[in-house]
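For clarity, chains are labelled A, B and C in written order, and residue numbers in each chain start from 1.
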């Protein structure tokens, strides 16, 4: 499609404005821009309907119906919510640091969207097929905390500040476990490129990394839940303890951006788990005709499953106590990952089939 | 040689690292009041390391690991001495720490890591390894100084040591980066070859040299970069002072030799002058300020500054024999200062530090034997023949005279005579003054035995300095 | 040409944010400007095809070190005014040091080993992986220094824990494993008593 646009629609237009050398670069930029839009719009739509899914699923778990008024089956509910939030006033508290107060939500949303740049949707569809994709993901997920810290500090409010302090300690603790889990994936796949990681899992359901990296798989996903500040690790929001934590002072659009960042992060963690441990776009029925074809649909189904787990956790588990979270992160997850790194290295060096032969 | 084949040559280092980690884990799992297990394991580890170095004693110079590591006789001799000194230091420390309720398993673990850093420095063959070894050693020492959390002076000492040490490392690193930027190599022999090839006076190389020398002078505590030394010696727990003042000096000697001789040998003309200025200043300031001290730890700190100045003279002579003389000097110095701080530990007791000169008053009435040992130590430090301290000074002086620096030798002798005053004052206090307290000396039998051995060794070595000197000459001569 | 524009763009941000770090009044703002300067230097590294270093800079410094730094700065509520008092007094020394460092840098960069005369930087093939190359050199040529650096970090951890972890004697903490292991017999005592006759 891009080739078509480039050759027929844009080239005469761009060529008349710029010299030839710039034309190539301009086209390249345009191509990237289109790809970004093609990725971002589904992501943002996904965020909107994830909120709907959350309310429906939790509703059914609690034997309620959930939203059912706006549109058929309540399907237009997210649109209504978005409209409502857009038209609300953004109140900046007195004594707040105005610039940082406004910047904070942006800083929180930007990394969670930027991380999608290296996500491969199938063998070829990836915006930036870079070598250090895994590192890039790690770097960007670690940035999300800035939005929270700055929001908590700039609000000039005790509850918000407590929330942001909790978020910092929690994210630092779980990022290490998450990083180590990713190191395990790196050792197993022998590459930092996300596409190569999926290709290294080629084979059947049993070839995927969830089996040889089982503890890392669990640690990664749970650390992901903690990193996104979702229940049962949502102490930085903790609506029953500190009202709403870091975004207690935010309203309207500013609040909805935090909301979007949280859900975009959830989707990111889910798709990463699917890519790194569950074979990405590969089919679980490899070898079977039609069903065995690798496809983006498989990826989306796996992602949806992990997203469902996020919602299921929220409906099931009570919130962790703060010291228990720290304990789990530092004293359980990190040792587990370190031990399993050694195991994975041995498996790789010994070339244990069927994964590492 | 492949890397795997080269591993044989760093077996002592690898073993020390592994043992230190094992001891650390054993310490966390086995909680007891006096960390006895950790202490004994640390001692055993050091003995094992000495054994490992001796088994495969390097008798020829080998440059390994892509030129990052050198294995030669000097490194072998120094590694054995460092470990042996650390064994004694741990021995003295254990009693002290138990008595003053400062004991923690981490003390010994950090000590082992400091020894590892020293071993890395001793056999460093590139600017990078010199620096990393230095940092490994310093970091362990900083935290050992800070370990006495309740004491304000210890915290202050640790802070000063850390900030000034970090500054010194920064300066050294800056010099190293200049040298690397100019020559494009980190390897010391290659750097030396580059300087040789340049032959002209490259101003940048001189700048790099200046920064490196300032870094070394900071670490050794040479005037005018000595400000941290008295405070650190006085403020830290005596056991840590003991450690800081002994084994790291050997490593610092090796660092100076590696950087100046191996790395910048062809620039000897440039660094000789700088070292002479530093050493004359140190001898003068150290010896004169020491006279006015009333705290023995502080006095010994200034005496250290003076000794370091003297020892630098040997390197400044820029001859093989001079380096051997320096090596001899620094080993003897470590032995002497260890005995001196051992005495301070011996006289102290629970909740009381015998760190005032007054505590030595009338020691001959309280314990004639230890007064005698202290007499040997002080005479030896002052350089009175026939004690070994005299020979140490003599070898260095002989070499600088042989190189035509007669005025320098004269200055050194005059300053040493001034220095003799405060050593002999202690002897006077011990034998001719009335004791201020008559409490019996409370120390374990082993402590008494080792300390006596420490003191007597200075006397015996004084009668036969030849063997040790020959060893030093052979070690330096590769 | 675009590469140059990008370079100058990030270099300008780097210089501006770095100078803001030392001039702004609010310590939190200073820390955030430091984050920005790390970011722009990471971008410049990316231009040099050193993507591993660039991303690691963001990951380690921005993602971890500066977060903790901000954490502390926000908690401490530092008043910077007293720290600035000596500014004019120390300014000449500062300028002298800065000029000297600039001079050194100019001298070293213009020396032979840097070879500035070559017109173009070395371009790598498309499949060049900076990460793989760094890994290769770290585990062969620099294996020995690399392992020592690891030991230094271990010492830092041990020292930090040894210096900060103190068990307070008065502190009482629940021990979950004991709480969970409690049986009914530990807490409840069933007492059988003979019924007594009421005094009449």
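Throughout what follows, contacts are C-beta pairs under 8 Å (C-beta built on N, C-alpha and C of every residue); 3 or more make two chains touch, one makes a residue touch a chain.
In this text, all values refer to a predicted model and were calculated from it rather than measured experimentally.
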item: Topology of the chain contact graph, where touching chains are joined (line, ring, star, complete, other); value: line
item: Higher-contact pair (C-beta pairs counted), B-C versus A-C; value: B-C
item: Between chain A and chain B, centroid-to-centroid distance (C-alpha), Å; value: 55
item: Distance from the mean Cα position of chain C to that of chain B, given in whole angstrom; value: 33
item: Cα-centroid distance, chain A relative to chain C, in whole angstrom; value: 24
item: Residues of chain A engaged with two or more neighbouring chains; value: none
item: Contact footprint of chain C on chain B as seen in their complex; value: 3, 10, 17, 21, 24, 65-66, 68-69, 104, 106, 109-110, 113, 116-117, 120, 126, 128-129, 132-133, 135-136, 139-140, 142-143, 146-147, 149, 178, 181-184, 203-204, 207
item: Interfacial residue positions of chain A with respect to chain C in the complex; value: 25, 100, 130-132, 135-136, 138-139, 142-143, 145-146, 149-150, 153, 161, 165, 168-169, 171-172, 175, 192
item: Of chain C, residues touching chain B in the complex; value: 104, 107-109, 111, 113-114, 140-145, 147-149, 151-152, 154-156, 158-159, 161-163, 166
item: Parts of chain C lying in touch with chain A, wherever the complex brings them together; value: 2, 28, 32, 35, 51-52, 55-56, 58-59, 62-64, 67-68, 70-71, 74-75, 129-132
